[in-house]
Each structure stands twice: as structure tokens, then as C-alpha cells.
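Several structures are given next for inspection.
Each of the next two complexes has subunit A plus one more chain, namely subunit B in the first and subunit C in the second.
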Partner chain A sequence: MELPLALVIGFLFACGTYAILRPNLIRVVLGFGMYSNAVNLLMIVCGGYAKSTAAPFVADAKQTAGLMDPLPPDIILTAIVISFAVGALFLIVCYRVYLDHGTDNPEELPQDDPAEEAGGIGFFGAGGYVAPSSGHEPGSHASPSTPHAMKAV
Partner chain B sequence: MTDQTHLLPWIVFVPFAAALLALWIGRWLGRRTGVLMVLAAAASFAMSVMLFVGGLGGEGISGGARYFVPWMPAMNIGLGFRGDPFGLFFALLVSGIGILVGIYSLNYIGADLRPARVGRYYAALIAFMGSMLGVALADDLMLLFVFWEITSVTSFLLIGFWYERDIARRGAMTALQVTALGGLVMMVGFIVVGVVTGTFSISELTGDPQKIQKLLDSPLALTALALILAGAFTKSAQVPFHFWLPGAMVAPTPVSTYLHAATMVKAGIFLVGRMLPVFGNHPAWTPVLVTVGLATFVLGAYQAVRETDLKGILARSTVSTLGMVMMVYGLKAADQDALQILNHAAYKGGLFLVAGIIEHAAHTRDIRKLGGLRKDMPITFWLCVLTALSMAGVPPFFGFLAKESLYGALLANAELAAHPQARWLVIGLCVLANACIFAVACRLIFGIFLGKKPADLDHVHEAAPGLWAPAAVLATLAVALGLAYPLTSWLANHLSSAGDGHLHVSLWPEHWEPLTLSALTMVLGLAIYKGRTLVAQLAHLLDKRAHGNGAQQAWDGGMALATWAGETFSARWQSGSLRWYLGAVMSALVGLVVYGLYRVGIGLAEIQVNLREMSWYGLALCVLLGMATWILATARTRLGAAITTTAVGFLVSLLFVVYRSPDILLTQILIETVSTIFFLLVVYFMPPFKREHPSPPRKLVNLGISAAVGVTITVLLLLCMSPPYRELHNLGAGYLSRSLAEGGGANAVNVIIVDIRAMDTNGEITVLVVVGLCVYGLLRARRRAA
Partner chain C sequence: MNHLIAVILVPFITAMVTALLNGWPRLEKAVSLLSCLGLTAYVFWLTGYVDQHGIQVSMIGGYAAPFGIAFVADRLACIMLCLSMGVGSVAMVYSMWTATTTQQKYFFYPLFHVVLLGVNWAFITGDLFNLFVAYEVMLIGSYGMMMVGASKAQVRQTMKYVAINIVGGSLFVVGIAFIYATVGTVNMADLAVRTAALPPARAGMVTVASLVLLVVFALKAAAFPVFFWLPDSYPVVPPGVNGYFAGLLTKVGVYSLLRMFVMVFRQDGHEMATQILLVMSGFTMLLGVLGAMCQWDIRRILSWHIISQVGYMVMGVGLSANSAIAQMAIAGTIFYVVHHIVVKSSLFLVGGIAERVTGTQQLKQMGGALDIAPGVAGFFLIAGLSLAGMPPFSGFMSKFVLLRAGVTGGNWVVVFVAVITSFFTLYSMSKIWNYAFWRERSRPWAGQSYRGMMVPTGVLIAFTIVLGLFAQPFLRLAADAADDVIDPRAYIQAVLGPGSWTPSLTEGKGEPGTSLAAWDSVAQASPGRLEGSVP
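On to the complex of A and B.
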């Protein structure tokens, strides 16, 4: 049973990878769905297979031979639930991104503003360039707070 | 004598405790925080004296008290301190000058600053003192490295004390970059030594000739030596790292005195002194140290002659003297070290304090704008004369003894005697450098205090006793140790790293050769001073193009290059593109698996497929699943994607039937149904799929990565299931037998979930709750904003 399943699991992984590399957030979510299905299958395959095995229902504690290993299904059960939760969160985040930025293409999203990062503490804080101006209205967050260097001078 | 070993760690930790205290109460004490520094320094000084005196009566000079607490025993690293005479000499120097600098600071660091800032200044200064004492007394190389880097950091804070000034920030940055980088390089050297010899303890290393021989025989010896010397050279501002010290002169004068004349810059020399017994017999030791030391000696002296900034002059002459001591170590004349270092600390510390007084009074440090201050500042004038004459090496001052002794040692040196052609070059250059120092000393006396007084210096008046008293102590030392030469000999021998020194200094020279060289130095020095206009013109011709600042420019260029490379790299690497990140992660997965298989030598040939155990409906399901996956991957509409993703999920659940797992079959069907509803709900509000037109190379890369991932996983899975690697043992067998007996349930999977792994399942439920809250929050936030 390993060969066909290994092939189809590999195919799921390949298609999932192709989906997450595409510029569409919904497709990325779908790609991760393919991944989780593929991983679950992978785990069950690792548990081993024989035509004669039976489901892990124990009638007599002393006769457990020939029953399916209960560990892989057990772990997969947890994995299914968790990947559902993660997928749901992922989907809602995509929805939020679309609401806030009007696009579902991750490559069209705005980048971090380098000017914003470079400003602030490093330059003005140490240099004491920004004089506390009286022109600003109270509560305006555009005015940086008085750098402590100013008080020190 | 009672055992005073327990004092050893306190010498180091009392200042650190005081530094923390200064940081805390400094905001209320303000200027008076300096008292803390004086007290801490005095305590350390007193303890060092006790240990030193105790060591004299006890087991003798070579051993010294040891104190050891295991720190990282698995790596042979311990909190080891050692109070040998040379270490205690440095501790005495650091704490003794610490007292003077503390008193001076009390009167120097202005009342016009915020109290908290003054508190921070003292905290950094006291912490520096503690770390310097740590460097002096550490017996463990790693501990020494830690204190070493603390001195770099505190030095950075102190140089950048006037952080409103661009030049102060730049000076502090350069000093930190050079010294901290040097320290890191040095640490690697220590690690090499530790790995080769199996110990990080300096005393164990120096006390065991076998270990030293093992180190010297190792092919790594040269590497270790080079790395450790890099640390020493950067700290002591040796060529080609000499440029940071003049830049550090933007610090307040007490800092310059303490860090950049008396103590920190001597840490490099101290380290070389510590390493002499270990690496002294390495063939590279003498050539490298003599070359670098001599170059620094001459270059520093030459630059001191040319400099016009008062503290710059002192800084460059300090660099010069450090080079001289480096050279002395290179010549293995270790018995000279205490004499030369003590001499320099006395006169240079005094001169720095004088320079600070003058800057305070005249508001300028440019020697061209100074002059004729003798009448206005009589006490400072005499202090300057005494210390400068000691610097010049005029009898009967301490400096004369030191210079005489240096010449004597050079003439008698065995290393030099073995190379007659180099001998006179070295001695000649030393005379030249000392002559330059002599000229500098003349210039200090004549340039500041004699001659015509510029008109704008009328307001200058004598400084407060709190400022000149510390300088007076050092000046007295410079005179007294010259006159009381038997005491000087005794000190020099008992404080030296050589241990068994038989140095004999005297005001009445026994040989004519050193005296001749001294006289020659003075004549040459006077000539340089008298002909300074000519010298300046010559020098101008010499460095018309270089501006004398090539090393600084090279360093700045290197730093700019490193910054540029870092920025460019991170802009490319952290590009913010989802495709790039995911592509990189999946490629790394493939790469690591392939590399791992290659490393352990597992090939495709080992795959063995078992075709007998196969069911026809399993095979059919696989085919169907493959088709559904293909349709999902190529779906053009949202609805199509939703339907096929459900189909994939259900087909997977049917495959669980093949594997006799009814529990996950039910779970999968349930979850797949909920997922589909949820997906349809959300996707309804999202835009439809657009047709993508990826460029061919982009599509090719995507396809390549995808195919590689698919093939890798398939191969990996087939390998796992092949007999050599297949785990035949049924991992869950124990659970099967326990489920009915202990869990009271026939369904083993259920028992594991709710009984054996109950906490796990509980966590799983928590995850669902948290996700539910997050989803709610994400949806609600919009409504509020709107």
C-alpha cells in the first residue's frame, strides 16, 4: 500500500507547495490545507499496513496481536483539529488583510516604511535636534516626545 | 601573616557594588557621588596593599594568593582570582589613581549638569575601575575576557559623556568598535589556548612547562598568539590601531587621565606581560612585538611633536610609551615593566590633570592659543614643570631613572645582541623617539606657561585645591621616586611580572653608555624643539597626501563597507515577500534532507517496495485523490476550489478506512464539513481568483521547488518504509494492552486521547478557544474602526 500512497502524498506536497508560492492568499490557505492532509496521510502510512489488521478495539487485554497501532491515528486526531484551528485563523487573517488593504495578493501589500524605522530614537534622541515646539496641539502624536538629551544640556 | 586570600574577590566586587549604588542614589547625590568613588577606590587600594604586604611575608613573590569558585566546571571555566605581585601592582595603580581621579572629578564635573547624569558618570567610572581591577586580578582567561569587555563598554559610555556632540559620539563609537572587536578576537585566542592545553587558568598555565610546550608545539600556537596580540594591540592603541586613542580625547579630562593614560590602555601591555611566560619562546614573539612596539614608539612620538591639541599631544605620547613597553616585552626584558609603567602613570597622569585644569581655566586646549600663564597659575605651572621634566627624563626625576634603565637594558639585551644589524637600528630609533618626547615636554612647559600671553587669557586664574592636589600627589611621586632611588629599585623588582628581577636603578650611573645615550637624547630633543619650525615644514612635506590619518580613514571605510554589505544583504534576504520566505523554507527542507541522506550514505537503491499488501479500493482512492488534488491546484474559481478541497478531505478520510482507523475517519468528516462551510462563508467576501500571468522563469522556479519537495517527500517516505529502516516494533502495543485494563475502554485510540493524553487534549481545546477569540477579535475590530 506504501507505493501508491507515497506517490499521492508527494503529489499533494508538490501541489501544496505550488499553491503557497502563488500570489493569492486564498490559494496559500488551500496550499496549507493540502500540506496538513498530506502530513496526516504520511503519519498513518508510517504506522504500517497489512490486509489482515483490524481496528484497535480491544476485546481482551491479552490478545492484542493483529490490531492496528493506535498511536498514529491518535496523533492524527489531534493534528486534524489543530490544523483546522490554524486554517480558520489563517483564513480570517487573510480576510482582515483584504479588508484593510483591499488586496488578496501578498506582493501588493505595503512594505515597512524605512523612514519611520530610521527616525525616532537613534538620531533625534541622541542628537537633541527636535526642540520642544509650542505649535503642536496637545495629543498630536506626530510630535516626538522631548528627547532626554534636551533636558540634559 | 594571616591568610588574606578572601579579600581578593572583594577588591573587584566592592567597586561594582559601589557603581550600582551610584546609579541608584546618584540622582539625589549629584556631584557628591564622587565620594563613593573615592571610598570604593580607597577600599580596594587598602585591600590590595594588605594582600601585597601579606604576599611579601608569606610564600614569596612568584605564587600569590589564589581564590577560586567553580563557574562552568564542565568547560573548565572558573571565577579564579590571583593576587600575584604584578596583578597587585596593577590593582594598586588602578585603585590608587582611582582615588586621585575621584577627588579631581568631584571638583571637575560641573554643577551645571543634571544630578542623574552626574550619577551615571560616576557609575560608569566606578564600574570601569571594578572591571579594570578584575582584569588585573583575574586568573581565568575567560573571566579576564569578561572584565576586558566591560572596560570597553564603560570606556564607550565615558568617552561619549558629552553625547550631544557629534564628535564625542564618533570618538566613542570608534573606540568601542576597535577595542570590543579586538576583545572578541582575543577571546577566540583564549579558547584556542584553553582547548589545546585543557586549562583556562593563567597560573596553571605558567606553572606547568609541559602545558606551555604542548601549546608551543601545537600547529595552532601561531593562531592563538596572533589572536591574543590583536586584542592587546587594539586595547593599547598600537600601530595600526593607534588612531582611536586621540579620538577618545573628547571625553572629560578625568576620564582621559584615568582610562586613556593611566589604566585602560595599559591593559594590553598587562596582557602581553601575562602571556610572556607562555608565548615568550614562540619564534614570532620577539619580531612581532619589537616591530609593532617600535613602530608605535616612533610614530606616536612623531605625531606628538606635530599635534597642537593639548590632550592630543598627551594621547599621542601615551601611545608612544605604550609602544615602548610593548617592545620591551618583545625583547623579554620583563623586569623593566613595573618601572616603566609606574613612571608613565605618575608623570602622564599628572600632565593630564594639568591639561584638564588649563582647559577648565582657559577654555581652550589648543597649545597655539596658550602661553604666559606662569604668573596666573603658579601652582599648576610648577606641577607641570615637575611632571614634564620627568617625562623628558631629566635628572633627578623618576623619568631619568626609567630612561637610563631602558637604555641599559637595550644595550645588555641578549635578543638584540644576537642581531647586531638590528641592534643599532632599534637603539637609534629609541633615542629618536625619546628625543621627540623630550621636545614635547619642552613644548608643554614653554608653550603653555612661558612666552607671550594672548590677550584673551586675562581671565585665567589658579584652580581650586581639589583640582591641583591630585596632580600634586602624582608630581610628588615623579620627584620622590627619582630621589629615593633605592626604594624605586625595590618597588620595580617586587612589582614586576618577571618576579625575580635584579634591576638596579640609581641616580649615579655605573656605566657610561646609557648616560651617553641619555645625553644624546637631550641634545637631540633640544634640537628638535629649537628647530620645530623646520621639523614642521619637513613633516608637512612628508605627509602632504596622507594627512597623518590614514588608519582612521581605512577603519571608517571598512566600517562603512560592512554596514553597506549588511544593509544590502538584509534588504535582499529579508525582502518581505511571502513567496521568497516560503520558497526559501521549502528549498531548505529539500536541501537538508538531500544533504543528510548524502552524508549518511543512503541511496535510492535501498528502497524496497512491498507490493503484496495492497487493496484494490485503496489503490482506487489514491488515484481519485491524485485527480482531486490536480483539480484543486488548477481550480480557476473559488467555488471550484471549495468543492475540490472538500473532495480531497473526504478522500483522505476514506483512506483512513483503509488503515482501519474509524476514529480519525469520523473526526476528518466532521472537521471537513465545518471547514467547507467556514471556507465558503469567508471566501464569499473575498475577491474572485484572478488569472495570473507569471513570467516564465518565475513559473519555472515555482514548479522546480514544488517538484523537488514532492519527490523528496516521496523518496523519504519510501525509504522509511523499506525494511532496513522500518521499525517493526509496534510502538502502541503497550497502549493496546493497557487500554481495557487501566482505561476501562475497548477503543484504544479513545482511551489514549481522553485518558493517557488528557492534558494534551485539554491543551488542544484551549487552542480552539484561543482561535475562536482571535477570530472574533479580528472580525470585530473592523466594525469599531468603521
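On to the complex of A and C.
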């Protein structure tokens, strides 16, 4: 049972890597989703579930043979929660980048030009820090003129 | 020692309380400050206690050692906790002067406490998987911190930072999975015992898994092939927090390298990782400083210097492959970490004041800060010279110990690179000095008050002078901490109980105290030598 799972894990990692290297933020997010699934499957295989499958409830402390190791599922649960939270955050960040710049192609994002840095992130710029006061309603942002990039999903 | 959990519980509760107090800024600041100072006092007391009474262990939930999660406070963890909370308090006070109302409105203080929580957690935990969770908590806090205010550049850089760290997190779990499959434990003390006892046929698997973890920690520490994310992302962090990020976040990676590759992995062929680290360190130092030399944005220059400095610490870890100099190399690394965290944070804080005074972070537009704010210029001079390694300050002692270890071990190439790098660092620091402070004033003064920011910065500056002049007690503590790491018998006994170690543990890692003769020269070079011999 380990060989098919190994193939699945390898396939997921390959797909994830391919998606992450595409110039398209939504695919990068999906690629990371595949990574986290591949990693969790790897953890299942490494827990040796194929050899011992009984649920790890111990009635008699001496009868531990054949019981599954409970630690890998525990680790996987934690890893799932974390990858879900970080994945959701990453999706939001990518969406904000798309709203800000009107593209979800990382290669089309502006390089760091000093003028923008002085106004945008120089906290003590000559006019003080320019707070992005309207920055929390997506509609009020520089609205994407050509939402062509999103339809590539 | 069940109160060890305070180092993560206090920031956690404070983060939640300050989030609830978001509408009352004064109350929020008061709670933040109280929590930071209280926890700082606790970790300093803990360091003294651990130094006298040995390693303290707390088993979370009361489960027995290899199964439950262990929180372990040894000397190294305590030193790192002191730095985390000390610099954290300083950065917190500094931020109270610099954080804008917008930043405060969008949960600046709660996010800061989440970062503190993650960093403290990474230092105190004695469990490999728990270390992964600590990393993620720290990172989630830092994502928020990096985006607070949400300007275009901030969101864009955060996107890159999140992406690179998700890859790191996935690799971390891959490494843990392989290690668990081969060795069957994730407890660090248990790992040290079991990897030492592994038959050579299976040791190779652990080496492979450890190299996966090496990539993860190098990514976090911003070492040579994977440092590219740092110079882009750090300049967008708010100034006070920038000091904390610059000091602590990359050092969590260095700490993990120290902990895992010097203390935990003891299988056949574990030297491979440290030898790779030695090669990486040379490239990290040189490329970091070359990157800094061609930048004209003060925060970018300082960010590139973080990379370059991380090279020195990684070099110390790499030198520990040679057992004759292991103790000196590790003690030098720990001392360097202390020096670097203090000096780098103070440089970022001084840079923040210089930005405030001159109204820009572009070196070419700065100038004349010496006239307007001579105190700031003095602070920068001290911190800059200390970073470059000039004698009266802490940079000299820390570089001296590391280079001494390298010369004793005959690693001439990396020693040569380290010396060249420190010359380049001096050049880069004098560039900032010439342009930002010494030159004629080219713009009107921004006219913003900066006096309140001088006090927390001054605390760090004072500490780098003390650390340089009275290095002896700190070197003694670093040497003891190095002994704990090189010879983990005390650590293992504290976690797993007595009689749980095998004699083969110290094989190939060097007995503690083997390089006493080499230490004498270090003791003599320390200007403010105190009584008692080293170590």
C-alpha cells in the first residue's frame, strides 16, 4: 500500500511545483494547497499505518501489538489547521495584490521604485505617514481595469 | 518548574487582552508595556536560576517525556529568551512613539505580542514538531505585522514573504515525517539518544532528513542560497518592529541550526551538515555585504547586513564539525548572536530616528543629521563600528572568538572571507555615516520630535558597550551554554530522567573544555577582564 501512496505524493508534489512556478497568483495558492496535501499524506505513510491498523484505544495495557501509532494523525491535524489558516491568509493577500495592481501575474507587479517607497512606506515622509484611509473597502481601491488574469483559473 | 509556560502564556493572554482593548490606546499601551517588562524580569530571573540550578523542564499536560511536549530551559534557551524579551520591550517602547494611529487601530500591539509568543515558543520548546508550530505562530504574527497599514508595497512584499515561508513550512513537515519514520520520535532529547544509537545502515536516512531541515532553517536564517526574500521584505515593516524583526526572526533560524545540528543529530555522518554549513557561511557573509554595498536605501543596506552577519553565526556552527574547536566555535556563535541581536536592532532603531529626522530613507537625499541630531549620530557611530568589529565594542570580541576558533582549526579560507567581509562592513557603515550624518544638509528638517525614541535606543547602545568592555561574564555564560549544547547529557537527563544516555553520545562532537589553551588568549584579549578564569 505504500507504493501507490508514494506515487500519489510524488504526483501531488510535481503538480504543486508546476502550479507554483506558473505566473499566476491563484495557481500559486492552489499549488501550495497541493503541497500541504502531499505533506500530510507523507506523514500518514511515515506513521506506518499500512502495518498496524487497529484504532489506538488501549483496554489492556499489554495488548499494544497491531495498534496504530496515534502521533502522526495528531501531527497531521495540527499541520492541516496551520496550512488552512496560512492558505486562507495567502489567498487574501494575493487578492489584495490583485486589487491593488489589477493583475495577478507576479512578473507584471512593479519593481520597487524609490518614489513609491518614499510615499507609501516611508513612515516619516515629509508629509508624515500617508494612511491608506480608504484601504479597507475593496471597491474604493484602484479597481482592476482588466480582470483578465482571474479568468485563467 | 511548571511556570516555564509563562513565556508563551503571557504574550498569548496579552495579545488577546490588547485586541479587546483596541479602542483605548492608552490602556492598550499600558498593558503591553506591563506584560513585556514583567516577562523580561521573569526570563532574566530564570536565566540566573538555570545557570545555578541546572536545566529546568516542564512537561505540558503532565505526559511523560518522550510522548508529551517538553518545554526545556537550558542556558542557550534562556539567553535567547532574555534577548527576545529585552529587545522586545525596547522595540515596544520605541513603537509607542512611532506607531501611527492607523497602525494601532489595525491591531499593531496584539500582532506584536503574537510575534513575541512565536519567538519565545521556538526558544523554549524541546520538541521538533512543536518547533514547527512555533515557527508558524511567529510567521503568522509577522505576516500581520508586515502588512499593518496595508500600503501597496507592504502587501506586495508580504505576498512574497508568505509564499517563501509556505514552502519552508511544507519542507519542515517533510523533514519531520522522514525523521519520525526512521527514528520514531520527535522529542529532541530522545532524538539525540536514538540517532546516536542508530546503525550506520539507517543513519543515512536521518542525514537526508536533516538536510531537508537544514534548508528550512537556512531559509529562516536567510543563509546563502535562500536569502533573497529578506532585503525585499524587511524594509516594509514599521520601524520599531523592524528592530525586533532584524534582531530576532533570523536568529530563530540560527538557534534552530545550533540546537538541531550541534546538539540533536548525532548519527553516523552528521558532520556532513556542518561541513555544508561552513561552505554556505562564506558565501552568505560575502554576498550579503556585497549586496549591502550597492544599495542606497538605508533600510535596505541594513537588511543586507543582516544576511552578511548571519554568515558569521553559521560559520560558527560549521566550525563545530572539528571537535577540537567545537566548544570555542559554539561559544563564539552564542556570543555573536547576543552581540548581533543587540547591535542590529539598535542600528534599525537609529536608522528609524535618522529617517524621522531627515524625512527620507534614501541615503542620497539624507544629510546633515549630525547638525540636527548629534546624539543620533553618536549612537549610529557606536553601533556601526560595533557591527564592523572595531575593538572597544562587542563586535570585536565576538568576531575575535569566532576567528580564533577558525584559525585554531585551520579553516583559513572562511577566516579570510570573514576578515574581508568585516572590512566591507566598515566601508558600508562609513557610507551611511558620510551620506546621512556628515554631509551638508540637502533638505529642510522634517521637524518631528524624536526624543522619546532615543531612550530605548540608548539602552541597546549602552548594552553593546558593556558587552564589549566587560565581555568576561558573558563569555563565561556562552561557554557554559556551548558545553550544554555540545554535550547534551545534562539536557537528556533533565528531559528523559537519569540513566537515559549512552556513553557514545559525545563521540565525534568533542569533549567540553578540550580547547582550554586556546581560550586563554581570548581571556587576555578581553579588555575589562573580571576575576575568575575562562570558562
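Rule of thumb we're sticking to: the second predicted complex is superposed on the first by the 109 of 153 C-alpha atoms of A that agree within 3 Å, B and C clash if a C-alpha of one lies under 4 Å from a C-alpha of the other, contacts with A are read in each partner's own complex, and residues count from 1 in each chain.
Everything below uses one rule, namely that contacts are C-beta pairs under 8 Å (C-beta built on N, C-alpha and C of every residue); 3 or more make two chains touch, one makes a residue touch a chain.
Note that this is a predicted model, so its numbers are computed, not measured.
Contact with subunit B, but none with subunit C, is seen for A:Glu107 once the two complexes are overlaid on the shared chain. A simple residue count on subunit A separates subunit B from subunit C, and the partner touching more is B. Of the two partner chains placed around the shared chain by superposition, subunit B is the only one that A:Phe11 touches, whereas subunit C remains out of contact. When the shared chain is aligned, subunit B and subunit C each come close enough to touch A:Cys94. By the document's definition of touching, both partners, subunit B and subunit C, reach A:Val28. Judged by the touch definition given at the top, the superposed model places A:Met68 against subunit B, while subunit C stays out of reach.
Of the two partner chains, subunit B and subunit C are each touched by A:Thr78. In the superposition on chain A, A:Gly47 makes contact with both subunit B and subunit C. By the touch criterion defined above, A:Met1 lies against subunit B but remains apart from subunit C after alignment on the C-alpha atoms of chain A. Subunit A residues in contact with subunit B (one complex) as well as with subunit C (other complex) are 20, 28, 38, 40, 42, 45-48, 71-72, 78, 82, 85-87, 89, 93-94, 96, 100, 106, 112, 126, 128.
Per the touch definition, subunit C reaches subunit A in the complex via residues 67, 98, 100-102, 129, 132-133, 136, 139-140, 143, 147, 149-156, 158-159, 162-163, 166-167, 169-170, 173-174, 176-178, 180-181, 186, 232, 235-236, 238-239, 297, 352, 355-356, 359-362, 443, 446, 448.
The residues of subunit B lying in touch with subunit A in their complex are 113-114, 117, 163-164, 166, 169, 576-579, 582-583, 586, 609-611, 613-615, 618-619, 622-623, 625-626, 629-630, 632-633, 638, 641, 645, 648-649, 652, 655-656, 658-664, 667-668, 671, 674-675, 678-679, 682-683, 685-687, 689-690, 692, 702-703, 705-707, 709-714, 717-718, 720-721, 726, 730-733, 735-741, 746-749, 752-753, 757, 760-761, 764, 767-768, 771, 774-775, 778-779, 781-782.
Residues of subunit A touching subunit B in their complex: 1-15, 17-24, 26-28, 30, 33-34, 37-38, 40-42, 44-51, 53-62, 64, 67-74, 76-78, 80-82, 84-89, 91-96, 98-100, 104, 106-107, 111-112, 126-128, 149, 151-153. If you check the complex, the residues on subunit A that touch subunit C are 20, 25, 28, 32, 35-36, 38-40, 42-43, 45-48, 71-72, 75, 78-79, 82-83, 85-87, 89-90, 93-94, 96-97, 100-101, 106, 109-110, 112, 114, 116-118, 120-126, 128-129, 131-133, 135-136.
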